[in-house]
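Below you'll find the structure I mean.
As written, the chains take the letters A, B, C and D, and residue 1 is the first residue of each chain.
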Amino acid sequence: MSAQDATSAWLRAWDDYEFHTLKLTRHHTTGVGHIGYRCSSPEALARRVAAIEASDFKVLGWVDGDPGHGRAFRFEDPFGHVFEIYWETVHYAHSDRDRPALKNNASRFHHTGAAPRRLDHLNLLSSDVAEFRRFMVTCLGSRVTEMIELDNGRIGGCWFTVNNKTYDLACTEEHGGGAGRLHHVTYATDQREDILRAADIFLENGVHIETGPHKHAIQNTFFLYVWEPAGNRVELANAGARLILAPDWETVVWTEAERRRGQAWGLKTIETFHTHGTPPVKT
Amino acid sequence: MSAQDATSAWLRAWDDYEFHTLKLTRHHTTGVGHIGYRCSSPEALARRVAAIEASDFKVLGWVDGDPGHGRAFRFEDPFGHVFEIYWETVHYAHSDRDRPALKNNASRFHHTGAAPRRLDHLNLLSSDVAEFRRFMVTCLGSRVTEMIELDNGRIGGCWFTVNNKTYDLACTEEHGGGAGRLHHVTYATDQREDILRAADIFLENGVHIETGPHKHAIQNTFFLYVWEPAGNRVELANAGARLILAPDWETVVWTEAERRRGQAWGLKTIETFHTHGTPPVKT
Amino acid sequence: MSAQDATSAWLRAWDDYEFHTLKLTRHHTTGVGHIGYRCSSPEALARRVAAIEASDFKVLGWVDGDPGHGRAFRFEDPFGHVFEIYWETVHYAHSDRDRPALKNNASRFHHTGAAPRRLDHLNLLSSDVAEFRRFMVTCLGSRVTEMIELDNGRIGGCWFTVNNKTYDLACTEEHGGGAGRLHHVTYATDQREDILRAADIFLENGVHIETGPHKHAIQNTFFLYVWEPAGNRVELANAGARLILAPDWETVVWTEAERRRGQAWGLKTIETFHTHGTPPVKT
Amino acid sequence: MSAQDATSAWLRAWDDYEFHTLKLTRHHTTGVGHIGYRCSSPEALARRVAAIEASDFKVLGWVDGDPGHGRAFRFEDPFGHVFEIYWETVHYAHSDRDRPALKNNASRFHHTGAAPRRLDHLNLLSSDVAEFRRFMVTCLGSRVTEMIELDNGRIGGCWFTVNNKTYDLACTEEHGGGAGRLHHVTYATDQREDILRAADIFLENGVHIETGPHKHAIQNTFFLYVWEPAGNRVELANAGARLILAPDWETVVWTEAERRRGQAWGLKTIETFHTHGTPPVKT
């Protein structure tokens, strides 16, 4: 934990270079408050702001920032998810207590719990993934690396990236009638063995394992999904050495028939994975 | 193997998206013929060509290309290494025989030998690493992610990247009096377990294991070095989930004292690692 | 493959010390022909033969043996499974071609396919597991390390061992009305990573993956089940460092309620696992 | 830790079935106080006592036991190592706090530090390994699975087992002039990945890593050696699926020439490994 006050806690993985990559805020329900992206330069931030302001998407304007980063520009997708983009950040400064043995790590490998290395991505829910894709491409300049095309012509899911990672954000179709919901947030481990070991830790500590460990057909990601005590879904993932190094990568399109084969090694996707999002939908 | 003729063979790892990532040419000695970088767009290629032509580095000019890519611009570092940059490439088109089970892979996981996923980086030797750094920054726009600063003020080694990988090229000091020499070429495996397994395969097949498996202090890379039968050093490496995601990453500088501690877990670097390069130096 | 003739093939894993650990016989259907155990000494063989002859189980008598071992004593369980016990065996003698780099291995690590190290166990089906247990204890002197006790008082499954392995044979309840059927045969890999890698190999080669990789609650075994082309179920398994080192180990008894929680990390056991055995039952 | 008083602490790995597998006693120096073996039955204990009493080795007689086991018979090898054998033991009884999620484990997987599963073996030093071998075979009925035969005809090292593990005790030649010294004690992890991860934990916590991770040629064991703060050498090891299942296993004999090739993947054995034992020799 990087910091904590009466209503919030700022968390990071041991090799995340920023002060925090997850902010927990005391709230009456679950879900995601906002999604933050750091731009690659002050100029890139200015270009993004201009593009967003020129678009038909909802602008919320500048905010002062947070203990973990400087001023940020806020905007919103058509489904109620709030985004922030910023340039100025707080690089994590380790104390003597968490000084790493190897100076190229952001802090000490603390080997506590699952101990992932860094934030990887998050997955949002949207009632219109095609429209969400337009939002991501327009506002964040994201590339679409893989997607699901349903038999009814709709997009079932879309995987986006702004760098060489295979994805930094995914969006899948909302089936529960909710708005602005989170499907999951993911941290990356160095090896898939770390995920198998984490499964034992979750088991011993009574954390609900929803599904996995297994390998996604989409993106080849080795995964494990659990629900934290309040109900938000958290994933541990390992991409192996897979990166999107082709600047002209063509979107991989999966059909419904292909998805019916299950995950890479045949595991059928369990029902809650299609329905559980946070916050829960009032019924 | 992607292709072969009387004098050359074009090789790639199973998930390299290009037609080839390693070209072997029949020759009287070992070493590297040229180093190729693909640019991120035709515009980026034009910008790089302009920068190189405006520099004091040696321009060799355009060549027609190769079975694996289109026309390329050639230039040379002050130490005799020939570089090529290009945009037009040949995306690998798998046949029915090597069609992958998962359509997002470039070809089938053939599980033959060490079976790494993709090309990772190469390491060149130079008698003046500081000058080599100027070459890489000027000509390729590379960032320096880590480096060794010797007690005598010289740079002992330098790690460069043009993307989110921790490095795509390294340069270390030439101690053998050679020119334009190669230290090693590296392919990336998905897991470090793949490297332990590969060590057994090399052992069973009489391939000279020079050092490893172990973990580099620099870049945290898990490594294994072998010499192919002709003498070129080949590395298998795994970076875990480590990427350079900070656009304002500050170069990590290692001192001689820090290097004396050995590799991450204490292994002393063996003597041949400091002296063996290819081609061999005539004595 | 150790040997082959017109009707049979003798197979072994690369570090199995015997000439063969699996004999394939050309036949009109699938299933297990017989199960062989090697005794720990000629005296142990004599003691077992005496115990079996003194029992009420069916004695088939001595047979001459096989290319892979000397004369063997045959007997049968009440469900139609034929067993053999023997002392004289043929230690595998590697040729120059499969000479191991390390002389303490039985043959070269060939790294072909899943490449498990050795035979681990097999699983038979029986309509009365309690009676099967009496057979194993009486005839083979096996210990019961774990078992399932159903709410109706029947034994749902039983895991047996005659050495320090957690089990060398398991028996689960026959639900398909068959007789003398096989549930699966298992080979052991060194690491569970080998099993994840094998899953990719099965996927690429169109082998039916029934379930896994996952971890059994019973015995903590990391597993993967596939069906070979003819339909016999084959498992790859890894027990980690788990052995039964307590001479006074008390049988671990699992209740139906405990089994309902699924496998160790929550995976529900798929339906075919309860019904598919070989040979298929005529309907 | 199972228990502690003013002068001793009783330790165990999380799946060791006995109350303790390591007893630490406050002392002015390092080394091993005594080595304990549990017999397989009261009858086996009686047989061993008779064999020891009939031998020319030094008998120390019965002692009352320890919080971790019942009465024990003490004897001594010619080099000053004290051994105990016993039958009555204290099976570890977990509390609610360390109750395992899976009832077939002795206690909860606590994932603290290296977290090995169980005790594996120890390695003693002796000035005459052939004589030590006579002691082990006579007194403990051990089998010799592998050994080193030096060019001078002496035995350089000997690996013993009384069960299916590849070894439970090793003895190597004392080169420092000490008596009754310990070379190392070893705990087993489930996977070799656990050992790579442990190396990072040792690194971050300033524990001296002597050598490894690497793979021994002898016994194929994947290893890592560290020195605990007082100086005793501790090993983490993983044997993969390798067991000695052949009742007629022939001792594998390694020559000096074979040993000169280094460990399995070529690592040269470092000097301290041949000289460092505990307690230190007075000079």
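Criterion: contacts are C-beta pairs under 8 Å (C-beta built on N, C-alpha and C of every residue); 3 or more make two chains touch, one makes a residue touch a chain.
All figures in this text were calculated on a predicted structure; none of them were measured in a lab.
Trainee: Which chains lie in contact with each of chain A and chain C?
Mentor: Both chain A and chain C are touched by B, D, going by the contact rule given at the top.
Trainee: How would the chain B/chain D interface be labelled, same or different, where same requires over half of its residue numbers to be shared?
Mentor: Same, since most residue numbers here occur in both copies.
Trainee: Could you quickly compare C-D and A-D and let me know which has more C-beta contacts?
Mentor: Top pair by contacting C-beta pairs is C-D.
Trainee: Which chain's mean C-alpha position is the greatest distance from chain D's?
Mentor: The chain lying farthest from chain D is A.
Trainee: Distance from the CA centroid of chain A to that of chain D, rounded to the nearest Å?
Mentor: Using C-alpha averages as centres, the distance is 47 Å.
Trainee: Roughly how many whole angstrom separate the Cα centroids of chain B and chain D?
Mentor: The computed centroid separation for chain B versus chain D comes out at 44 Å.
Trainee: Which integer distance in Å separates the CA centroid of chain C from that of chain D?
Mentor: Between these chains, centre-to-centre, one finds 31 Å.
Trainee: Note the residues in chain A that touch 2 or more other chains, in rising order.
Mentor: Within chain A, the residues that touch at least two other chains are 102, 191-193, 200, 203, 264.
Trainee: Would you mind writing out the residues of chain B in touch with chain A in their complex?
Mentor: Counting only chain B, the residues touching chain A are 15, 17-18, 38-41, 91, 101-105, 116-118, 120, 146, 163-165, 188-193, 217-220, 238-243, 245-247, 249, 252, 254, 258, 264.
Trainee: How about chain D: which of its residues touch chain A in the complex?
Mentor: 100-102, 108-111, 113, 191, 193-194, 197, 200-201, 203-204, 206
Trainee: For chain D, which residues count as touching chain B in their complex?
Mentor: Its residues touching chain B are 192-193, 196, 199-200, 202-203, 209-215, 222, 264-267.
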